[in-house]
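Chain lettering (A, B, C and D) follows the sequence in which the chains are written, and residue indices restart at 1 in each chain.
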Amino acid sequence: MTNLDQLLSSVVAGDLSRRDFMVRAAALGVGAVALSQMANALDAHAERATSGLNTLTLNAVQVFGNIDPAIGNDYTQQMAQINFYDSLLGATAGAGVKPLLTDHFSASPDAKVFTFVLKKGIKFHSGTELTADDVVYSMQRALTIASTPSAVWQGVLKPAGVKALDRYTVRFSLEQAFAPFPNTLPGLYILDMNLVSSHHKSGKYGANGDYGTAFLANNEAGSGPYTLESDVEGSELKMKKFPGYFRGCHANSIDEVRVLIVTADATVISLAKTGVLDMTSQFQGIPAYTTLKNLGFKLFTAPTETVFYLKMNMALAPTDDIHVRRAIALAFDYNTTRDKLLPGAPVNGPLAPIFKDAYNSSLPAIQQNLAAAKAELAKSKYAGKGAIPLTFSYVTGSSFEAQIGLLFNSVMSSIGFKVTLNPLPWNRITEIAAKSSTTPNVTEVFYGVTYPSPDAMFFVQYDSKSAGTWASMEWFNDPQVDSMIAQSRVTVDTAKRNALYKQIQARIVSLQPDVFVLAQLFQQAVRPSVTGLQYIPAAQYQFYNLSKS
Amino acid sequence: MKNAHTLRLHDLSVTFKGFEGTARVVDHASLTVNAGELVGVVGETGCGKSVLMRAVLDLLPARTTRIDGAVEFDGADLRRLSRRARRAVILAQFNMVFQDPVGSLNPFFTIGQQVREVLAQANRRLGRHEGGAALDQRARALLARVQLDDPDRVLRAYPFQLSGGMNQRVSIALALSTEPWLIVADEPTTALDVTVQAEILTLFSRLVREEERSALLITHSMGVVRTTADRVLVMYAGVVVEEAPAADLFAAPRHPYTVGLLDCVPRLTGQEMAKGIPGTLPNYTAAPSGCRFHPRCPHAMPICVQERPPDFTVGAGHRVACWLYDGTR
Amino acid sequence: MNYGSFLTRRTGQAILVLLGLSVLMFVLARIVPGDPGRLALGPTATASQVKGLDHDFGLDQPIWVQYAKYLGNATHGDFGQALLTRRSVERDMQDSFPATLELVLASTILVVGIGVPLGVLAALNRDGPIDAATRLLALVGVAVPDFLLGIALQLIFGYWLGVLPISGQLDPNLQFSTSFTGMVLPDALLQRNWPVLGSAFTHLILPAIALSAAGLSQVVRLLRASMIEVLRREHVRAMELRGVSRMRIAFKYALKPALIPALTVVGLTFASLFGEAFLIEAVFSWPGIAAYGLRAMQEKDLNAIVGVVLVVGLMFSLANLAMDLLRGYLDPRIRLKGAA
Amino acid sequence: MAVSALPVAEAEARSTSLRADWRRTWYRFRHNPTAVIGLIITVLVILIALLAPVISPFPASAGNFVDFSHMLTPPSWPHVLGTDNAGRDMLTRILFGYRISLALVVVVLLIGVPLGVFIGLVAGYYGGWVEAVLMRFTDIFLSVPALVMAMAITSVLTPNLLNAMIAVSALWWTWHARLVHGITVSLKQEDYVDAARLMGASSLHIMVREILPNAMSAILVKITLDAGFVILIGAGLSYLGLGVQPPQADLGTMVAAGTQDLPSGWWETVFPGLAISLAVLGFNLLGDGLRDLFDVDV
């Protein structure tokens, strides 16, 4: 802390009168101009510090619901978990991982055994030390409860495969080779076993009763930078800085976080006007961001790993014909989409550039070319028999998805397609994705990672074993890609694995299963006083990284 | 006499406007009620007698009704007064007993609530200040006046819990509550059992006589007016066709319609049933020309079709609107 | 038949209808194609995870077994787990119901408090200016969809004039936990929390107006008609002739008989407000059970849909039952003789 | 003899009184300004729906056309009601929107009314357990506000125009069942119904030839009032995203789509909303007028 900061703090704490402050500031040799500026700063400081805390207030557009890390990991659940808990490895901005609770880890050459050594002296919020037993408990619990967050480990790891070798060493013995396993570990939040097991109630998990699910639905048991202060379901969740956090804290760090559940743009704007709000969610409308900019907010934007695809059903006529798929990709109006409808960064294939080591930059950029599209379509077996029917689905209630549908309809009908727009509620899309015969010809889908690895993009979308979900509506079935993915999963060496990923991208692009529209842009309006923002795939909203002055 | 007033209706006409056209349901009716007099108005259902009374009491819907002629009370034409002033006179001097004793009492409030309300309003008008107990006392006294034996039970009861006769006694009591000079009774016994009709009628006429009030008794029954009224008017299709002291009328009815009506009264002594009058009341929107009775009249003459008969005086206080009595012919 | 057995019969009917509704909704929710387990677990879930969830939710049992279990649980308020929030539907509804109740009650107060006097005045002033204005108002209330009215109010008072808030139940900056009633406005009053009271009140104004418009016009129309009918009755004339003023008759002696048939409509209006709330809560981002139900419907969260529809049905039945009973109580002819 | 003569005389008496009724009705109709205004609006709306392709300024806007460089143009010439968020002409889309509103009305009433009338007739005529079962079943559908029931049904099926039609029809019969049930119960006590029964007329004959004609005026009035209500429910469903889906030009969907552009793009919401109101107003005025004319209680 600088002297000046100390001074300010003591004024805020009431140790010094304001006049005393002026005198001492002058004694510190601060010039008159700076003094008057500081007086303003002081007022601001005093205002925000009526509670004595550096508070960050932001809005979220959905309720938190159940915050148990083994139950769900959607946007708000993740926001809570990543701040209350720590994991063995943390996600990086380049879509990779770095050590967090561990000092180092090792992988066996066959990509089946992974051993992690924990840092010593890390304390849970309860004060108990975090040990290997907690890691074992957390993983076994997630595997047993078997809900969404454990999906990636199911079939790869059994509860018995997790062992504490000593107080600080954990070993995961996988059922099958899975080289990207470490990249999945940011999603394993380490629970305070003593605390949780003291809240076990009777339940369906045998000796473990309910595994503490009732308790963890509304409470946390972590070691993370923040603790749960209060949760008024449906309106507000408050977090408070954990003073004993093992990574310490930095200057101007956030003492308290208030997450207000506010969806409507109008309310967000009025909160910003009254000075309450420091940061918006990433889901506000474009006009709201414009208004907020005029109110003195800055816009934080960053390209993400999430790609906006038009997924084409390769098992259904006419999109089973590569010429039809190429024609659609060539005809699509990328510029209007990016400029008018959905801000984003250009992509050249299924992977966004944010995966900086695995991104295949040698693939050509994609552009609209109606003449080429027509020529490509003429080569197809469906050409020359009148307008070719196409079904096109997107999620109801989303303004830009509807606009993109209309744009698609307009362009495609000009080159010889007859498009039927079929907006569906999200759940309906998940239903029809189960069968190739019910999957529409084209569907608008965003897909981002659940763990920071290209594997998360490829396996779920393009491996034939993953068919039948909304993420794989292409019904992509290519033995070459399957084998490359399989190989990548047993390749422990990162560089070799990345080379494989680049080949996979090239192969996928050559088959044109999708229109690769853009990489989604992450957008938040933030007060200039808030700094430290960074987009980290699958690990957004780490309040630990933020500062507010 | 304590209330020496006079009510005189002069050439009163009432016209209804409907989608079928206009209907003059009371046509140039004249009538006088002197102090202490009980006047009967007789006619078939629909002959306009009730409308006539409602016109006097200002009970007709203003939107669809037109009233011509004069309603003079002590020589002042009520029709020319403001609505407010007219209402003040009506409230102070007149009151009414309705045909349907149950329908004229509010079914959702007890007799007591309704009686007390009316008495309280009367008190207010008279500038009297009384507490609840005094009001109760007054209510009980009022009911006693109409010979209701158990006033407390009656006050607690809802109208549907009482018999028709008792309800009508309550109605009469309510009519008396404002101490009116004139009580209009519109078919007060029609809705009652035959057995109590006479009782109510006796009670009504006794109260009028004893308390020296005037009354207009409207009925379709000759039998009712014969025993109670001093003077009787006979109406047909909105027209007063005959007026006479009760005794004269029954002794020597002149108008063919009156004669027919009297034939309708079943005679307990006679063997034969009533002869009655053939035909029905005319349609008011297309009323017959001349004498409105001519289509049904056994003595109709050409002039009856052409010209409306004026009143011909045929005896002391006895007038009749019929060309048969035109002395000039 | 006396009032007691009238009461019993009416309650029995309501229970029967609710049972029928539960069967209807349950069957409807179970016969649809789809895979709720898959839906809840997402694309990365394995087949055995989906199976496990189906088993947890009892989706692998015959439908009548499922229904019997469901009904047994529902009778003590357990409507199962919401697939999407992964919380009990009961708790979700407990959280959101008071907000809707608050909105519906406020609208009911508007409907009755404005509708009744307006209907009486229109009847007294038949074909006069008040009557004409009332009829115009009633027409607007019937013809303008309430969501459009809500949007128009937002545009005018929120966006253009900027005098009233247009979304939510409370200024998000204010912190408040409800205590006794679960509703913000009454609880703020009980806790003497004036800033919250003020904020809750201003937030309530626009949605309550938008929600009440249709019911208001119904009640005004009906009350006007029944008042005109009652004012024609002999007992009104009789009372007038006996010196009671027209206003006093209208608002006391004629109002009761005119209001009793209208009570049925007031009950229906109150109940239908729970339906219209689905639109108004969507317009005003009101955090109520209708918004919850709407989300459930959009996301096809079956347990939540069935739960919400049953609760709305329960409110509907209760409101109608209450009005019937109240009518029976207020009408001495039914109360004392039992003639329904 | 007397018995067999009675129905004939009755029928004659009824037909003459019916003719007189119609004369009186027409007289009163002409003198009922709201009913006349209602009729004019209703006819106008129906004509617009029929002639939309001819009278629309930009018929392409009802089809595949988009123009994102002219999206959200405020009302001005040539787009007198502005453009939407895909640059399409609002006026054109509103005119076409009436087609879907009226299609919904027609389908719902074509399914709902005959079904409801049939159930009401049967329940009212046979009485006993048939009545008890049918009417309690009807009560179940009426135990939840119509909008909620329609929402629940469409959401469980798939939200689109067809399912919205199915859902609303599945509710609509209940109102007519109740109405006709009430009328039937009161009419079956009438002398002429007894007489027909004594003459050995079949139940079907009595229901269809004796009772139904007497319920027609009430059903007609109800249908007219229904039309407005069906439009409102359809609009509500579409507004909530549970009814008609884009790119079809549906008024409720247009209102919903427009709310995303409030307050600046107010015309995108307000005009389709007013169009809904106009149609509902027309049917309501007409229905009210007819109700006064036929003097029926629905």
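Operating definition for what follows: a contact is a pair of C-beta atoms (placed from the backbone, for glycine too) under 8 Å apart; a residue touches a chain by one contact, two chains touch by 3 or more.
Quick caveat, the model's predicted, so the values are computed rather than measured.
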- [ ] Give the chain pair, either B-C or A-D, that is connected by more C-beta contacts.
- [x] B-C
- [ ] Could you pull out the chain whose C-alpha mean position is farthest off from that of subunit A?
- [x] B
TODO: Could you please state the distance in Å, as a whole number, between where the Cα atoms of subunit A are centred and where those of subunit D are centred?
DONE: 49
TODO: Calculate how many whole Å lie between the centre of subunit B and the centre of subunit D, each centre taken as the average of the chain's C-alpha atoms.
DONE: 51
Task: Averaged-CA centre spacing for the pair subunit B and subunit A, given as whole angstrom - done: 91
Open item on the list: Going by the contact rule already set, what residues in subunit A reach two or more other chains?
Closed with: 396-397, 425, 428
TODO: Provide the list of subunit D residues touching at least two other chains, using ranges where the numbers run on.
DONE: 155, 241
Open item on the list: Going by the contact rule already set, what residues in subunit C reach two or more other chains?
Closed with: 154, 158-159, 298, 300
TODO: Provide the residue numbers of subunit C that touch subunit A in the complex, in ascending order.
DONE: 33-35, 38-46, 48-49, 52-53, 56, 85-87, 95-96, 154, 158-159, 165-168, 170, 172-173, 175, 177, 285, 287, 298-300
- [ ] Would you pull the subunit C residues touching subunit B in the complex into a rising list?
- [x] 126-127, 233-245, 253, 256-257, 260, 330-333, 336-337
Task: Complex contacts: residues of subunit B adjacent to subunit C - done: 57, 59, 63, 90-91, 94-96, 98-100, 103-109, 114, 117-118, 121-122, 125, 158, 160-161, 171, 174-175, 177-178
Open item on the list: Using the touch definition from the top, list the residues of subunit D that touch subunit C in their complex.
Closed with: 136-137, 139-141, 143-149, 151-153, 155-157, 228, 232, 235-236, 239-242, 252, 255, 259, 262-263, 266, 269-270, 273-274, 276-278, 280-281, 284-285
Task: Residue numbers on subunit C that touch subunit D, as the complex places them - done: 13, 16-18, 20-21, 24-25, 28-29, 32, 139, 142-145, 147-148, 151-152, 154-155, 158-160, 271-272, 274-276, 278-279, 282-283, 293-294, 297-298, 300, 302, 305, 309, 312-313, 316-317
